[in-house]
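In what follows, subunit A forms one complex with subunit B and a second complex with subunit C.
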Partner chain A sequence: MANKFTKTFLNGLVNENPTFRLVLGMCPTLAVTTAVSNGLGMGLATTFVLVCSNFVISLIRNFVPSKVRIPAYIVVIATFVTVVQMVLEAFLPALSESLGLFIPLIVVNCIIFARAEAFAAKNDPVSSIADGLGMGLGFTCSLTVLSAVRELIGAGTLLGFPVLGANYPGVLLFVLAPGGYLTLGLTMVAFNAVMGKIDAKRAARQAAAEGSVA
Partner chain B sequence: MSTMSVSLSPHVRSDNSTQKIMRNVIFALLPAAVFGVVWFGLSALLTLVLSCASALLAEFLMVKALKRPFSLNDGSALVTGLLLGLTLPAGCPWYVPVLGSVFAICIAKQVFGGLGDNFVNPALAGRAFLLASFPVAMTSYPTSRFMADAVSSATPLSSEFAGSLSYADAFLGLMSGSIGEVCKLALLLGGIYLVIRQIIDWRIPVAYLATLALLTALTGGNALDAVLLGGSMLGAIFMATDYVTSPVSPWGRVVFGIGIGIINFAIRAFGAYPEGVTYAILLMNIASPLIERFTRPKKYGEVKKNA
Partner chain C sequence: MRDIWKVALRLLIIMIIAGLALGAAYTVTKDPIAEQKQMKAEEARRGVLADASTFEQVDFAQGNITEVYEGFDASGASCGYAVTVIGSGFGGDITMTVGVKDGVCTGIRISSHSETPGLGAKSTDEAFYGQFAGKSGQLTVNKNGATNDSEITAITAATITSTAVTNAVNEVLAAASSLE
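Take a look at the complex of A and B:
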């Protein structure tokens, strides 16, 4: 059980990383990763919604007729998004302001839909929590990495602290929309290059192991 | 390589090679570059050297990293670096030409497959990158060391001092602007040389500049100002005629030039930028495969399908 939990969790974090592997949720990824605080905040908000909605949808998966399942998912997801929005407005008004419309838009975030449809609707609640947690944190990590690159190159700061010195001329493009596409593409190249090497190594090891068994 | 390829006639023989074309383009750019260096001083030379050197270095490293055949000797990276440098204001901070060239070569050219596979002109992509990244450094044009009483301005196109500039001065390049765009005479000489050597097609620059002038005149603007002040001449002769990113068919080239003229006019008349040559050419670069498709010349003996 614990093993399965970890496996599902790691699957979302790395192997099926929603940003770099599934290429889901591109709209918030490109839009909010202008500063580390935004990326991190967006990721954590999505993680919360994802874990809760996965859990609830998995609980009700046997009662909801399949014809009305999408509206039912939306009601569940929208409930948690409303909770997140109210909490952010109350306790982190600055973050809530800078994320703006993208918080309510979590309702239609395709990562959440994809996980509800592809995982929570078919699996038990505990695995669904693991999946939500893995996918959510995978999304959070990707957003944090992307926004760190963009904030560092674009403004020379990290989380608002000047890292590259006061004389660093910010490469403004990286905080603008084209910089989002550029950073996403180049980071995805790096991620896939590293993952490809790891996969190849794993496959080689497996082949060797199978060979010795035979 | 012992692969033989069979192709249909006519078999046109030409001694044009990439090296030869690039050598000619560099030769044609020299008058404008030399004038820029004389006019703006050593800071202009430094900017040009930085942009060329970093373009060559970026090409070398990128080709090595991507395991592509050595390509520095074809001269295309040098042309990109030189063209980019000529569109910059003299004496801009060192990282402007360096980052611009690196972006042009690494992102706009090599990531898409190297020379021949880039879908936009690398030098202009580099310039667009710089324009979005360093808007202040990119639009602070210095005055010449020979112009004691002149004011430094954003671009002569947008400032009121354009009125005090005589057309002769603008044509000879006795004005402020980016290194390579000021001397229209030098650009024109280079352009005529390239047309005579059949390196570039006159249709693109002529269609572009004529459209721009006509639209400006029709809307009550000054057609000569539109062509002589700013970078449209440099763009028309050296950027829009890039082989890789412009159509091949003669009518396609006319359409391409007219398109650049219309977009450039629209940006100047309705947009936020006083210049707009860069974006006009980049947008038409993207449209050129489409133009190509609609302006395919008729094959000899071809019959219309629905005749």
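Take a look at the complex of A and C:
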């Protein structure tokens, strides 16, 4: 059980990384990765909603008739997002202020819906939590990496602290939308090049193991 | 046909549970949210009128000005007005509180905006909004940096935001004469 949990978790984090492998949730990815604090905040808020919605959808998976599963899932997801938004606003105003813009965006994040449909609807609640955590943190890592590149090149800062010196002029292109596309494309190429090598090695090892058995 | 009833009933149950959950969350968070908003507005008023210890709402609304509070210091003397004004920025409305006393701006605070993060959102940095304290008359934005007392240095690559804030402050300064 513990092994399966870890495996599902790592699957979301690396093998099926939502941003670089499944290419899901591109709209928030491009929109919020202008600064590390935004990328990290959006990622963590998404992770929270994803874990909760995966868990609940997995619990009710046998109760929901397949004909109306889409409206049912959307209601579950939207309820969580709204509750999270109200709770943050009431009890953690500082966090709500920095995340405020992104929380309503979570409803339309297709990662959450895709995981409900592809994983939570077919698996037990514990695995669904693992999947939610893995996918959510995978999304968080991707957003953090992308926003770090954009913030560093675009403004010369990381998390608001000047890194490249006060005289760094900043490359506005990277803060604006085109920079988002460029950074996303190039990072995706790098990620998949590395993953391709690892996959090839794994396949070779497996072939060798099968060969020795035969 | 029977199948439809079953499907509809189950969907109805899910909706009812979701509705109840939302209602419960709303009831629990309603008062704290209102309190937070109140506190934030109060804080903004204190920020722009440092001497004031109590505030009293004044019946005044004109153009983009939505709310006016008169501040009084500990001895009960008037120490200026805190004016809530809405400017129209690049991404939508920018709500801010502007302090004004004897036609001079005592400071401004941006309370809500939807400007581009990293660009127009820098209007909430003190480096920008701090420029308005002590200014009076008609202010203009200079992209290359302020050269005299009636100029405001624009935020790099966010001239629309800078102009929106400056225009709103101008509106308050112009209305101040009819207030006092």
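Note that the second predicted complex is superposed on the first by the 198 of 214 C-alpha atoms of A that agree within 3 Å, B and C clash if a C-alpha of one lies under 4 Å from a C-alpha of the other, contacts with A are read in each partner's own complex, and residues count from 1 in each chain.
In this text, a residue touches a chain if its C-beta (ideal position, glycine included) is under 8 Å from a C-beta of that chain, and two chains touch if they have at least 3 such contacts.
Every value quoted in this text rests on a predicted model; they were computed, and no experiment measured them.
May I ask you to decide whether A:Leu182 touches subunit B, subunit C, both, or neither, giving the answer as first, second, both or neither?
Only subunit B; A:Leu182 stays clear of subunit C.
See if subunit A has more residues touched by subunit B or by subunit C, and give me that chain.
C
Is A:Leu172 contacted by the first partner subunit B, the second partner subunit C, both or neither?
In the superposition, A:Leu172 contacts both subunit B and subunit C.
After lining up the shared chain so the two structures overlap, which partner does A:Asn15 touch, if you call subunit B first and subunit C second: first, second, both or neither?
In the superposed model, A:Asn15 contacts neither subunit B nor subunit C.
Where does A:Glu89 make contact in the superposed view: on subunit B (first), on subunit C (second), on both, or on neither?
It touches subunit C, and subunit B stays clear.
I'd like to check the shared interface: which positions of subunit A are touched by both subunit B and subunit C across the two complexes?
In subunit A, positions 172 sit in both the subunit B and subunit C interfaces.
Which residues, counting only subunit B, touch subunit A once they are in their complex?
On the subunit B side, the touching residues are 93, 95, 99, 107, 129, 132-135, 137.
Show which residues of subunit A lie in contact with subunit C when the two form their complex.
Where subunit A meets subunit C, its residues are 32, 34-35, 38, 60, 63-65, 67-68, 71-72, 75-76, 78-79, 82-83, 86-87, 89-91, 93, 101, 151, 154-155, 170, 172, 175.
Mind pulling up the subunit A residues that touch subunit B in the complex?
169, 171-174, 176, 178, 182
Touching residues of subunit C toward subunit A in the complex: what are they?
Contact set of subunit C toward subunit A: 6-7, 10-11, 14-15, 18, 21-22, 25-26, 28-29, 32-33, 36, 40, 114, 116-119, 156-157.
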